[in-house]
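First the structure, then my questions, so here it is.
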Amino acid sequence: MNLFKWARTKSPWIIHFNTGGCNGCDIELTAALTPRFDLERFGILLEGSPRHADVLVVTGPVTLQVKDRLVRIYEQMPEPKHVIATGTCAISGAPFKECYNVHGGIDIVLPVDAYVPGCPPKPEAIIDGISKLIQKIKKE
Amino acid sequence: MAFVKEALKQLFRRPATLKYPYEKLTLPRDFRGRPIWDMEKCIGCGLCFDVCPSGAIKMIGKGLEAEIKHYVDRCMFCGQCAETCPKNAITMSEEYELAGFDRSKMLYEYKRDT
Amino acid sequence: MSYGSIIKVPFGPQHPALKEPGNFLFEVDGEIVVDVKPRIGYNHRGVEKAFELRTYIQNIYLAERICGICSDAHTTCYTQAIEELLGVEAPPRARYIRVIIAELERIHSHALWVGIAAHEIGFDTLFMYVWRDRETVLDMFEMISGNRIHYAMNTIGGVRRDIHADMVSKIKKGLDLLEKRLKYYLNVVQTEQTILKRAVGVGILKPKDAVDLCAVGPTLRASGIKNDVRVDDPYAAYDEIAFNVITHDGCDVLSRILVRCEEMLESIKIIRYGLDSMPEGIIRVQVPMKVPQGEVVSRVEAPRGELIHYAKSNGTTKPERYKVRSPTLGNIPALCKMLLGGYVADIPIVLAGIDPCFACMDRMAFVDVKKNKEWVWTMQQLRRKYAKK
Amino acid sequence: MGLDYAAVEKEVCKKMTAETIVSMIRILVFPGALFLFTLAFFYEWVDRKFFARLQNRYGPLHTGPHGILQPIADFFKLLSKEDITPHASDKLVFILAPIFYFALPLTTLFVIPILSQTSLISFEGDLIFVIFAFTLIIITVFLAGWSSINRFSTIGSMRAAVQMLGYEIPMGLVMVGPAIAAGSLSISRIVEWQSLNFWLILLQPLGFAVFTVCLLAELQFVPFDIPEAETEIVAGWRTEFSGRKLALLRLGRDLELVLASALITSLYLGGSQQFWLIPPIVIFLVKTTFAVMLLSLLRAVFARFRIDQMLSGMWKYLLPLAALQIILIQLGLGG
Amino acid sequence: MEKENEIVEKLKDFLKEKLVRATVPKKRRIFIYIKKDALKDAMKYLVKDLKFKHLSTITGVDLGGEIEVIYHLAHEGSIVLSIRLTVSEKNPSIPTITDLIPGAVLYEREVHDLLGVNFEGHPDLSPLVLPEEWPQGVYPLRKEHELEHLREITSKKSKREERN
């Protein structure tokens, strides 16, 4: 494994975007940053600017008015970049399946690298998802 | 300045962090993880399919021949299916580390031994 | 100070301070806000329509997912509306359990908020401490209901899970710890100079404006107005429990912080009382699938204020119309009032002051009727009308 | 006249090359650039780790032992990322600003004595140079934010400039304190003077306090992280930078942290002195680590000020205090 | 229930034949059904004299051919009075109450966008938009729209021009 790849697996900075979920996933992601779970252990930082981030963590189903914004944020991120769909909403939009403005999971607009089911996923499950993604990057 | 004291106190304490993949908390008794079907008990009445709020369950066939498909990528772990099942064929397991890379693999199929 | 030009700061979907994709467009002159243009509804999903398409049982879980923070408030409101339509009443033990869960949720929600508010003013250490201690509540939820968020405790006719004796002692232990910590935070908030500097006199909402603009919950109570659905229009077992309604009359962000901190302490008392005086008995009654024709208004005091649901049934297994008005929406006009003329640096803390949850506002189905070019919701008229008053 | 010019020339050349190589090594490797980079990464780790421990969590943990390699991983990751230059930006400034932001603290560090009591480059008046460099850094910040033509960046850079108005003067004033005491405007002399007399922190505690506060502002640490307040303006002036440029900005920030702690050490804590048999470099490292920890403790226990509060606070409290310190020194106390 | 009945009596006296129906289904709940043209007077009386100062929300219901508008008012936080009237779907137009209760601004716009009810005299009835590309005249909460229909609309209209 070369230096850069090692660096990439050790320092995945995330940016969080809610595409219209219920906040459940968002607070669990935030909880994962706080002392009990402390994502910084893995070198993970929550960044505010898409320009600084490596991994886009999306929560919530894709709604019409957020679709373009989601794509724009993704486009602003520098390569190489990854996307994690956190929560059942972001995977399939199923909890809101009868809502006319919900298009479904985010994989209809973006290539998704990892899915984390749960409604909301426990912070442990989110960490598990991220570490599985890191394993995947290692193997690439 | 009380806050400085509090902050310095933390230095002499173990961090509150759970080193997650290496340490895990025990789950509570009634944890709601991935639902699991016991096809020995299932009579194929279809109630779980009907009641599921997010359409995570599919049934193929009816009655005692029925097969069940459970789409984890649609499930919201509410446990209503387990509560509704007249035969208690569904249990909410302790599985929560369900992350995957491929949605087509996030499907659990339950068939009957014939 | 003024830099001469007016710069627009989008405070929007990917803004880190608001986890949800709410969107505000502020026009700032230097560091002063001269105009606020909220475009709420960024995560409009169309929930109200979906209510009409699901059965009453399935709607419990939809109501729960209107919001992940006050999910229990929504299900309580929903289930008690449907129970009223059905003419059944939840058993006494279930009503106590509802109170306990609701108060635990209040603690979790307010604690979450105190943390976010601290974060908004750059006080990350306090944020970390508060969220660390909040985990105690989440552990209780996981123990009682099997999940940390979306407890799925309420069902039509009662609650789904009981609070067993072994849980009671654990909850009490957790409460003792929490009480100690919360008292400490209350003290921190009142004494730390950097917090006071950012919170005193910021985001003023005068009592008259609060009433006129129909503000709700802690926002209203921090303007000195005593108003709490739990007392005014008791539901669950609140009529059997005595507690204080906390008010402060500073009308600023500090008052909102204090109201919430003291409410958490009050909640602990309610839970203790509830645990001790919970009657024995069943926790749920069986209800039919079909709901007779009728209509009902149901109200609950969610952590953020009055939550109101309106249900209309038509005798089938699905509702005819279901309407939800969440507290955050009720507080938006008041919020705009607070923000105008303030500092850019104060926007996050003032915004956070009403504890906005955009998830709960989105079920207003906003529709562009006239295909207007300017699709930003201009608050100008609104402002012109109320700035004078 | 049997001088062999060729031989002399050769001799001189040889001597020169040897000298050049030595000083090249000193500048590039030890205690120059490479050493300073290592130190910068180390101090970022100290800062993050200590900050995390104050918050009752671990901080970086799984990257090398106790996460010590974390800043290095961050740096190399950023190097390997795509480097986006936004269309709207002022390209030249946008590209140059990170280089300056990184080069300025690096060069400034050369005037600070690390290995022994004299620095790599020392001249009478290098203290003034340091003050000047601090101003230049903020000007770079201003240009960096301005050139990215992003609303958040623009506001961030304006805030940086405004903030500078606040702390520049008290900082300059208070830095003169040690110079008056030592009777020299050279940092090396100030360090020397302290090893012969007292640590200046004992003589000028007020100056030390004011200086530390100003450094927090210079470093844009809480409570003065106004130019990059995450909750208000995303990442402030740095919002648009990515990839290599961001890597340079972060390294520049770390070097600034080294510079700040080295200045605290040199001006107030006696600098790199010999103590018994312990070589000065070790003493220096211990003292600077302590200074870094002090800075991160301070950033952990405060909430961010608002820019107007910051300015008025600086003018109302810090400036008079700085002036008071100078007057006290003139009266013979603390000199 | 005395207080509730008292309020109903007062309203009956005030509105006379304009009050179509009044029910008190349980404690602290009142439902009033009035004629459309009585809205302004009834509101003024309720807000100024009976101290129903807090407006919880406004609900719109599609009855098929007619739209029902329900104002949920609260009296000192406790008694909830739902006052309702119907307008025809063809010309859904009623006077605004924002002059009496400023807090109604958003709720009226919500109903306006949702069901197409026109509140005359509202300070700013410009669309309180959501998907800006939403077609004219489609009010999602009207019963004529099936979910599939609305889905089609939203998925077709998902391209949007760059703004700012």
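For clarity, chains are labelled A, B, C, D and E in written order, and residue numbers in each chain start from 1.
FYI, a residue touches a chain if its C-beta (ideal position, glycine included) is under 8 Å from a C-beta of that chain, and two chains touch if they have at least 3 such contacts.
The shown structure was predicted, so the numbers you read here are calculated from the model rather than taken from an experiment.
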(message) Please report the smallest number of touch steps linking subunit B to subunit E.
(response) 2
(request) Would you mind checking which chain's C-alpha centre is most distant from the centre of subunit B? (result) D
(request) Please name the chain that ends up farthest from subunit A once chain centres are defined by their CA atoms averaged. (result) E
(request) With chain centres taken as the means of their Cα atoms, state the distance from subunit B to subunit C in Å. (result) 28
(request) Give, as an integer number of Å, the spacing between the C-alpha centres of subunit B and subunit A. (result) 20
(message) I'd like to verify one number: the distance from the centre of subunit C to the centre of subunit D, where each centre is the average of its C-alpha atoms, in whole angstrom.
(response) 45
(request) Could you put a whole-Å number on the gap between the CA centroids of subunit A and subunit E? (result) 40
(message) Could you pull out the residues of subunit E that touch at least 2 other chains?
(response) 130-133, 140, 147, 150
(message) Which positions in subunit D are in touch with at least two other chains?
(response) 52, 54-58, 61, 152, 230, 234, 300-301
(request) Would you please write down the residue numbers of subunit B that are in contact with two or more other chains? (result) 3, 7, 15-17, 19, 53-54, 76-78
(request) Spell out the residues on subunit E that touch subunit C in their complex, using ranges where they run on. (result) 25-26, 28-29, 31, 53-57, 59, 61-62, 70, 72, 74, 76-78, 80, 82, 98, 101-107, 110, 112-114, 116, 123-124, 126-141, 147, 150
(request) Spell out the residues on subunit A that touch subunit D in their complex, using ranges where they run on. (result) 3-4, 6-8, 10-11, 34-35, 38, 40-43, 47-49, 51-52, 54, 76, 78-80
(request) Over in the complex, which subunit C residues touch subunit E? Could you list them? (result) 39, 41, 44, 46, 48-50, 53, 84, 211-215, 227-229, 231-233, 295-297, 299, 306, 308, 310, 312, 320-321, 323, 325, 329-330, 332-333, 364-372, 374-375, 377-378, 380-382, 384-386, 389
(message) Can you tell me which positions in subunit D touch subunit C when the two form their complex?
(response) 54-57, 151-152, 154-155, 158, 162, 222-223, 225-226, 229-234, 300-309
(message) Considering only the defined contacts, which subunit D positions touch subunit A in the complex?
(response) 48, 52, 55-63, 67, 69-70, 72-77, 79-84, 152, 230, 234-235, 238-243, 246
